[in-house]
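In the two assemblies presented below, chain A is common to both, partnered first by chain B and then by chain C.
Up next is the complex of A and B:
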């Protein structure tokens, strides 16, 4: 209890003013820092620790092996097979996802009857859980009782096995892109909507065709959001696991065993914690390289455009 | 006003991270093997109010919940029932490794060897009714659940994986009704004939489906067993190589796939697809799970009601013994807690202690034809009555089904190694390559042997 001196109460000093600005700021972020340390920093650190150890899954005994797990991964045919598939998958998802997102965004920029309904409907795949998407697409792809097989039969064609070793990566990529493209659509649509219509009108007066208008007006305006979406979808595709697990479990054989699935299989099914962790770190390097590459390309082309316009 | 420099902040954050991270890191470096205490048989618990934890996979969780409620009511205990969704074997393995409080959990019988060696589970050597339960168990089940002379689980189910079923409708169309094959060679000849006669496009649905529930490796092991091709020795050492008859067996598989005698999507099937495809009709033969006779007899889920029958074994066997077990986790519990866990296990995996009846096992068998490790259950009047509603001509066909479980072939040599599941994981990705032609069968067999040798060298038996 505070006592008033001479009947005048001392001014109340707020808690935040009793701390230095840095101290108060750190206090505010402390819970988040602690949480991040627990759920991000610790697992990352622990996986790095595991990647330089050999762990017996039964006895739990461990000994330091240095970079042996990394060397084993980099000299293994399975790793390079998985890395190749990962790259192929990333390219397929990025190309299909970006194409669909851009196409939908350009379409939704126009005014037409039913546009609000379409805007609401296209978000549905994004709102679906990956498990549900996996279940739905199993029924679409199944050559026995799938939707596409049914259509093929009606047309008198032989049903195609979309999850066969030749087709499995593009088929998975279509599902992934189907789920991720709505995000890109909204992302790009936001940028498209700030482009003044007058620019397009003037370009038409100047005799620019559709392709030229897209290249000279639309593309420069959406370059940065497009780059960000490319980074997002590329990174997401490189680390995709759940969709592959639900639809093919890495199969048939190892035809869809990307690096993420490989790391999972090594760590959790083969109980090879060192090998699985090393593969995860190598995947991280790959994702970082791809991301930095995307940014570098996007930034340099953005700089070129600015230079040209100035 | 004192501002903290970035360097100072990073130092403090690093120190905090180290303080948080060090204990788990240090504990991870320590020995992981736990000691399973021996001792005299325990006495059944008298007081209730125990807090027990039970982990299961997602098969009929409502039914299990009802059985758990019955247990709680009878003994006054509380059971925390949890369904582990997804890759159950991997997730359970990690939970047990991490000392998670698990009193009882489902497991397939090829998993406990590693758990037992690591000390992650308790055996049933101190279970008060162990000798009675063992006496009543089917001999093959008892042998399968005994590791290093100790009973490690009570049976959750026991049936023959790969028991061969026929669709009489397709056989009738092919003019082959009642002419069942006696061997795999005859089976493969007959499916070619069925296709030739136009009775079915894809007359055979094999166990080629994929992980995580071991479709194709189980198919490989059981067919090799049925053909008497040795795969593993008693010590777990691989006996097969590129000159082994398994190479020819894989060539036959490749031919079935190439000639489109099997559904083309089979390599990426999941267990449910496998059952649904057979229930849809049009397939003459398929090794299926015995408990699916109920699915095939249910009009809502089947277009083959009254047409699916088990193929009689005439010399060569079809399939191999498959067992689910109730395991007791070892998380350092007291004898009193262990006795509570045994009590729960007895309720589910043996006779109810109060009524001395096989209540839960009989409920499983009579509701779902999930046959049990006890002849007394499988041949009980309740089960007979239920089977009569699911099988066409039960007087003729039920003895055929019972014959499968009477003296099944068992893959003990592999399943009683600590590395068997790892080899099967590898095989589940390697075998499809022989089927779809990505690799030559000889190469696949060589790879399988190399993997088995490597695991054998790393882990021994």
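Up next is the complex of A and C:
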């Protein structure tokens, strides 16, 4: 830098600094990267290592078994039973959760008495997390003292066993949707509120029905937040554990033994670290494949729509 | 708006309110019921004889039962109370540390014209995709060797794996939406990059940072899996595993209900107080 002539103090040059932008940025990001390396990269590596080892739970001795743990998982009926249940659970949670989130968002877009109250209270289930939702709904579903059984009793109906073998997965999914949908409502509402009302009025004048207005005006606006919410809720459902632990502990029998619960049992109850790790990894692969596949479909369909509209 | 449409709209709103509130109201009502009334053959939708006895007994005092006999303090009281204290300590530590790590990083990833920006952000966010069960096993083994299992510090570290990537994601999408010239004024006035960040950007982001802190606190307070596996039965046990042992060992649902309500109050109160900020959390702008 050259000094200004004439004894006047040089003006500060606004965009120079001793550090380059990359250096400054790195300085701020480095702590997080180091932290994540230590507390995320290590567990991933170690879990992969465990999945190819056989670990003796008593002596702690280990030896390499290659893909034997994976082969054992993939050839066992339990694994495929759990995988099927996981898929069923994910579909139920996604459908119910998205339905509730979208319904609430469309409702909150309208004007009605008590709207601010509803807006405020829908955050409550979300603040509880899934384990607490599991406890709370145990009291709703219980055939002996549950809220639903109580209502059935007052109406003179036969109480329905929500946690029976046939009903357990949809019943669990309802609880999960109850807890997670508010996040989706907030996401979707933010995007819905920027759609000008005139657009709907014009469409009405043009003679568009409700379904057509939804498809042509509403849906394109919320495609992006909806896609993100679907990925979030799907991932949540695929790895659900605490809710199942409190509500059914995998039961009745093995009717709610999803992959995550299976991995937990193998690891911490049967002390089979290799098998538990292998199951977790297979789950992770499944989730990744489904998410990437979903993204590919969503992206190509949104590209097609854009092309069609231009 | 036609009358019919208005009626339908209000009915739907009522339905939405009941769906949201009823499960919470029900566990609250059960916690205010005597076991005697609760165990009767008909289910009372409202307690005929409401009482705070379940709560009083959790706080280490005796209380009168429905017929006046004195009931001793609840044996699980100390467990639940120390669980609440541990949960609060862990959650506060997690909140402070998450903010210290995540806010500067999110700022840099959003607004500093640096290389590796996209790659850094993607890597950090991608770690969110890990299922918790996959990481509990390595943590469990590591903590056994390091002596961190059964400690609050161990749990704080485990919770940071969940909160830091989430807050970086939230923060990046927020800082990215601030007006582009915000720091320039400060830099013209002779501030360094760091001072421009602390003096101008941080004050302008109060609301978003409040939301981030609230979400870090809630994530830690609500966390169950790590807490169950590392700290069950130790003096560092947080509320969720304490409730879990009471839940699976005691068959007095009215008492379990009162303990549950105590543990749910902090997140419910915090979420209600700060819901204006939480509502604006936007993960879409990434």
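Of note:
Following the convention adopted for this analysis, the second predicted complex is superposed on the first by the 282 of 310 C-alpha atoms of A that agree within 3 Å, B and C clash if a C-alpha of one lies under 4 Å from a C-alpha of the other, contacts with A are read in each partner's own complex, and residues count from 1 in each chain.
Operating definition for what follows: a contact is a pair of C-beta atoms (placed from the backbone, for glycine too) under 8 Å apart; a residue touches a chain by one contact, two chains touch by 3 or more.
Being a predicted model, the structure only gives us computed values, none of them experimental.
The superposition on chain A brings chain B into a clash with chain C. By the touch criterion defined above, A:46 reaches both chain B and chain C. In the superposed model, C is the one of chain B and chain C that contacts more residues of chain A.
In the superposed pair of complexes, A:214 makes contact with neither chain B nor chain C. Touch criterion met: A:61 reaches chain B, while chain C stays clear of it.
Once chain A of one complex is fitted onto chain A of the other, the partner contacts of A:295 are absent, as it touches neither chain B nor chain C. By the touch criterion defined above, A:161 reaches chain B but does not reach chain C.
Contacts of A:145 after superposition: both chain B and chain C are touched. Of the two partner chains, chain B is the only one touched by A:250; chain C is not. By the document's definition of touching, of the two partners only chain B reaches A:269; chain C does not.
Of the two partner chains placed by superposition, only chain C is touched by A:120; chain B is not. The contact surfaces that chain B and chain C form on chain A in the two complexes overlap at residues 21-22, 26, 33, 42, 45-46, 142, 145, 245, 268.
Contacts from chain A toward chain B in the complex involve residues 20-23, 26, 33-34, 37-38, 41-42, 45-46, 49, 56-62, 138, 141-145, 159, 161, 163-165, 168, 245, 247-255, 257, 265, 268-271. By the touch criterion stated above, chain B contacts chain A in their complex at residues 1-4, 9, 13, 16-17, 20-21, 24-25, 28-33, 86-87, 89-91, 93-94, 97, 114, 117-118, 210-212, 263-265, 267-268, 270, 273, 276-277, 280, 418, 421-422, 425-426, 428-433, 436, 438, 459. Chain A meets chain C in the complex at residues 12, 14-15, 17, 19, 21-22, 24-29, 31-33, 35-36, 39-40, 42-47, 50, 100, 103-104, 107, 110, 112-115, 117-132, 135-137, 139-140, 142, 145-147, 149-151, 153-154, 178, 186-187, 190-191, 224-225, 228, 235, 238-239, 241-242, 245-246, 260, 263-264, 267-268, 273, 276-277, 280-281, 283-284, 287-288, 291.
Partner chain A is touched in their complex by these residues of chain C: 6, 9-10, 12-13, 16-17, 19-24, 26-27, 30, 38, 42-45, 101-102, 104-105, 107-109, 112-117, 120, 123-124, 127, 129-139, 141-142, 157-158, 160-161, 164-165, 168, 184, 187-188, 190, 192-194, 218, 222-225, 228-229, 240, 243-244, 247, 253, 256-257, 260, 263-264, 267-268, 270-272, 275, 278-284.
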